[in-house]
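See below for the structure under consideration.
Just so it is clear, A, B, C, D, E and F label the chains in written order, and each chain counts residues from 1 on its own.
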Amino acid sequence: MMSHEAFVFISYAATAAVLLGLLAFTLADGRARKRELAELEAQGIRRRSQAVQGGKS
Amino acid sequence: MFWTGSPPFLAVRSGDRMRATATKLKGRRGDSVLFDDISFSVGRGEALVVTGPNGAGKSTLLRMLAGLLAADSGSFTLQGDDGADLPVAEFAHYLGHRNAMKRELRVSENLSFWQRFQRPEDGQGLSVDAAIEAVGLSGVAHLPFGYLSAGQQRRIALARLLVARRPLWLLDEPTAALDSRSDRLFADLVHAHLAEGGLAIAATHQPLGLDRVIPLELTGIHRAATGAGEVW
Amino acid sequence: MTDTTVSQGWFTGLANPTRFLALSGKLLPWLAAASAITLVVGLYMSFAAPEDYQQGITVRIMFIHVPAAWLAMMCYSVMAVAALGTLVWRHPLADVAAKSALPIGAAFTFLSLLTGSLWGRPMWGTWWVWDARLTSVFVLFLMYLGLMALHKAMDDPARAARPAAVLTLVGFINIPIIKFSVDWWNTLHQPASVMRLDGPTIHPTLLYPLLVMAISFTLIFFTLHFMAMRNEILRRRVQAMRRQAAQSIGGGAIGGGAIGGGETR
Amino acid sequence: MMALLKRDLAIATRSGGAAMLGVLFFLAVVAVIPFGIGPDLNLLSRIGPAILWIGALLASLLGLDRLFQADREDGSLDMLVMQDWFGLVATVFVKCLAHWLATGLPLVLAAPLLGLLMNMSATSTGAVMLTLVAGTPAISFIGAVGAAIAVALPRGGLLVSILILPLAIPILIFGVSASYAAVTDPDPFLPPFMILSAIALFFAALGPVAAAAALKGASD
Amino acid sequence: MMALLKRDLAIATRSGGAAMLGVLFFLAVVAVIPFGIGPDLNLLSRIGPAILWIGALLASLLGLDRLFQADREDGSLDMLVMQDWFGLVATVFVKCLAHWLATGLPLVLAAPLLGLLMNMSATSTGAVMLTLVAGTPAISFIGAVGAAIAVALPRGGLLVSILILPLAIPILIFGVSASYAAVTDPDPFLPPFMILSAIALFFAALGPVAAAAALKGASD
Amino acid sequence: MFWTGSPPFLAVRSGDRMRATATKLKGRRGDSVLFDDISFSVGRGEALVVTGPNGAGKSTLLRMLAGLLAADSGSFTLQGDDGADLPVAEFAHYLGHRNAMKRELRVSENLSFWQRFQRPEDGQGLSVDAAIEAVGLSGVAHLPFGYLSAGQQRRIALARLLVARRPLWLLDEPTAALDSRSDRLFADLVHAHLAEGGLAIAATHQPLGLDRVIPLELTGIHRAATGAGEVW
């Protein structure tokens, strides 16, 4: 039987892990998308309305 | 004339104004505009033939006319003889690339299903046997549809148009897989349909053997969608 | 293809993806900072809180269990509103909001299940019981995952939007079931003590840390959600540009040129 | 519409043997449960209604994903969608009905036999049959929504089940509780049965409409 | 052959991550059970192995009938049949393998989690996993015969379910009884497990050959 | 010539004796004999074109040649350059009415699957991209096959013949749904195949645009099976 502290600790650790994981995934995803956009732009493909609405975000 | 039996309810009378009218239709697939600003008008006894290279958008156009795809803009209406709008879905037959028949059911079962499903209460049309006869396949009625050859299957799919009479025919490559005799037979069918006051719109790569048609050519040159289409 | 047609109006103007990117870009740092600050304060308060006389130290699990459970339900509610947006206004940004909320909602639901289990073991003596509250949360988790699977199954986001929205709305009945399951069926799980019509019945020393943590989780949710929405917008932008590029290479497409059709008679 | 019912039934009975498959699966479920709980006839007869209901629910999932897919593949779906809104809703309704007749009804009819195997009393078996008659159509109707959503997916089977099962839970709950109420004394049979019927009616109204909407949207 | 495996897996996963779908499906099935038989943890843990096995059988049955039919409808089957005998047998084997990988394996891997939810002991969960590893491929292999026969008969797959499910039921029964034998004391685990493995090996050898023969004969 | 890269392993050399020979083939469907006593011989660089009305038995004949149907009597053999019999299944491509592609997979995935499945270890053939290029569809490689138009789908099906090189092509209405430009493109493909020493047998209703062909016409007149065929 685990001590009660262990249950509390696992709860907080798991929460931290899940939330940080979600954050890391989201950041990595965003970075990958930006990279793809940059690649496309390097190939000279841009959004048609880019001139009007302005650039990458 | 092979439409025996019931009087030709579609027969052209003076003053008949049934018309299928497209106004500035625009069709898009994904991000490219296949066609834009397509307008035409087809009246009783007239046939419109859509041509164009593979991928031009013929099937897309026909599916829009049938109401299976929403047009990007523009409209297509069918007006009755009294000038009122008719629902295309109930007054048009659509024959697509696929035959809409169940392989495991007999030819006669398939056709009589569509007859009962598509013929309005007071509607007319050939009997199943007469329709099979009309496409020159008497004798196959009892075979499962899957046993037929490709051309025979297509001819049975054409027979569906005969068992429930509807004024507007939308045909997507109706003569695919047909031999030359059946090509003529098909031309006769359409002629008879037009003669009785029907309307037809067909997409095709092959001459259909019809003599008086309104041509509509899609160039197959697509352009990228802009404006409203570019959301992202 | 009316689903991508943007009609004009103040609402759609505000929800224009490009404008959203700009706005959320400005807002995000503030949101992130606020989440971080409230989280630190909340954590401090939860560990400073006295132990419960009944539950001992395990009461600290409450400070994450309860906010996670609330967020799991709130996230689904946000999705349901977005689903209405998809179905009624047909705005593509609504679909983006619904889709990108999915993994976050699933994560919070998972956390509430996990911390609940971890709490249940010392308190009830079992990891899991199939009572109404727990099971309905489990079903919520399944619905998140099912919707994610549905989005993944359709490669064209425009085609997944409406079916997913329909399903989201149909599944919304589960939310009141979760909320009121403890009242409708007698279960092991304890009934509401904070969000009650007659005011909270929980002791302030426990209530305040709980509320701060709840605020913090809510801010975290919105931070992550905005980030995910931005990613999703960029993903769709890349997809659109790719398709467009491919079409201008093959298929003989030329930009803005003459196209098929025209008057025939 | 009768024509559609007849056609779908003809296809169901001619190929696939959906009815048989459902009943056999049902039988398999009932056959393995005793292994778990041992030869305790008392317990068996107690959980019998629940097992029959679970078996029926799961058996209904078989073949559900093909409800519209087969029509889509041979092009018939175009003609079905090419109707006015009421026509389409009615079509979906009839297709659900055909699905139920081909898979649900056999389960209802097989229930007495399975009740025997589960050592259930006649009252109990009767109650299960009654609730199945009311409940299984609801599964078909709500299942149609999943089938319509997954119509374009190659292997929609699992996905449809996943999407549908959570929604089918109320049917199961009230079906089982009505069955139990019929045999345990203090509980009245009617209230849960009425709720079950209400759910069934609700799904019969909602399912075809939602499925029709999904089909209209899916056409390409 | 690797190409075929890859393609079939790709098609299976296109519809939303096959592995995840399998697990989800299983979770949904397991979640539904307590609604039926009630939240009695004791009872649940007793019927747990049976539930897991029923879920596995159901998951295998969903989509099994399409194993060759999809290939037939798009014409690929012709190219598959147009091989020498060994090529065809290998092809069937690989298709079964792909089917198992996409539907059976995820269930095996998810079993521990589900065991937890069903309050099953570690031994019991382990035994179920072991029997599932041995048994679920057998269902895919024998199911292939049914699928091949179904492809062959243009209008009468009725045979399929009648032929195949009775063959699959022994797998289910031995799988479940071996799982129980592992936890209930007097019964030895090995005998039923050996029988199960023998059935699996036999079906793995017989299934592809029989299915290949049916496909060769079916081509028209 | 678009076969770039590897040397044309099929190139005709003097003394090459690869031949596809049919001897007294008899085909039956149900109780009727579709054709009887069909004999022909096709050598490197030659094409046999089978014609006949719908239901004549063209597809049946081709499926027999491919080994997908058993002949009622008679035989079909493919002899290698050294006179030894080759297994048709491994040295022939069969293109039926259906395209043998998965709608849900991308065009490139479909083709590379067939490439790896049908190309022998040491075999040759175009790369997937080159094959798509050869049928004039570069740019669609990444699209799901189901997104293509009917004619584009058929062209991708033709591309399958290019990714794994096999000497004998069995083609059942290869040009169905093709536009006139693609018809010519197809004729060029077959020409190239023949020029490099390939053999082709095609069933069709439309002129294929090939200049030197061996014709074979099926009459479409079936007779009831008698004698050995009539068992009952």
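Everything below uses one rule, namely that contacts are C-beta pairs under 8 Å (C-beta built on N, C-alpha and C of every residue); 3 or more make two chains touch, one makes a residue touch a chain.
Fair warning: this is a prediction, and the values are worked out from it, not measured in the lab.
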item	value
Separation of chain F from chain B in steps, with touching chains one step apart	1
Inter-copy rotation, chain D to chain E, in degrees (Cα atoms; steps of 5)	175
B-D compared against C-D, more contacting pairs	B-D
Euclidean distance of C-alpha centroids - chain A vs chain E, Å	38
Geometric centre distance via CA averages, chain F-chain D, whole Å	47
Between chain A and chain C, centroid-to-centroid distance (C-alpha), Å	15
Set of chain D residues in contact with two or more other chains	14-15, 73, 150, 153-154, 156, 159, 162, 165-166, 169, 220
Per-residue multi-chain contacts in chain F, two or more chains	97, 102-104
Overlap residues in chain C, where contacts from two or more other chains coincide	139, 142, 145-146, 149-150, 153, 155, 237, 242, 244, 247, 251
Contact footprint of chain F on chain B as seen in their complex	29-30, 52-59, 97, 147-152, 155, 173, 176-182, 205-206
Residue numbers on chain E that touch chain F, as the complex places them	2-4, 6-7, 10-11, 14-15, 70, 73-76, 78-79, 81-84, 219-220
Chain B to chain D touching residues, read off their complex	63, 66-69, 87, 89-90, 92, 94, 96-105, 109, 112-118
List of chain A residues in touch with chain C within their complex	2, 4-5, 7-8, 10-12, 14-15, 18-19, 22-23, 25-27, 29-30, 33-34, 36-37, 40, 43, 45-47, 53, 57
Contacting residues of chain C [partner chain D, same complex]	139, 142-143, 145-146, 149-150, 153-154, 159, 162-163, 166-167, 170-171, 174
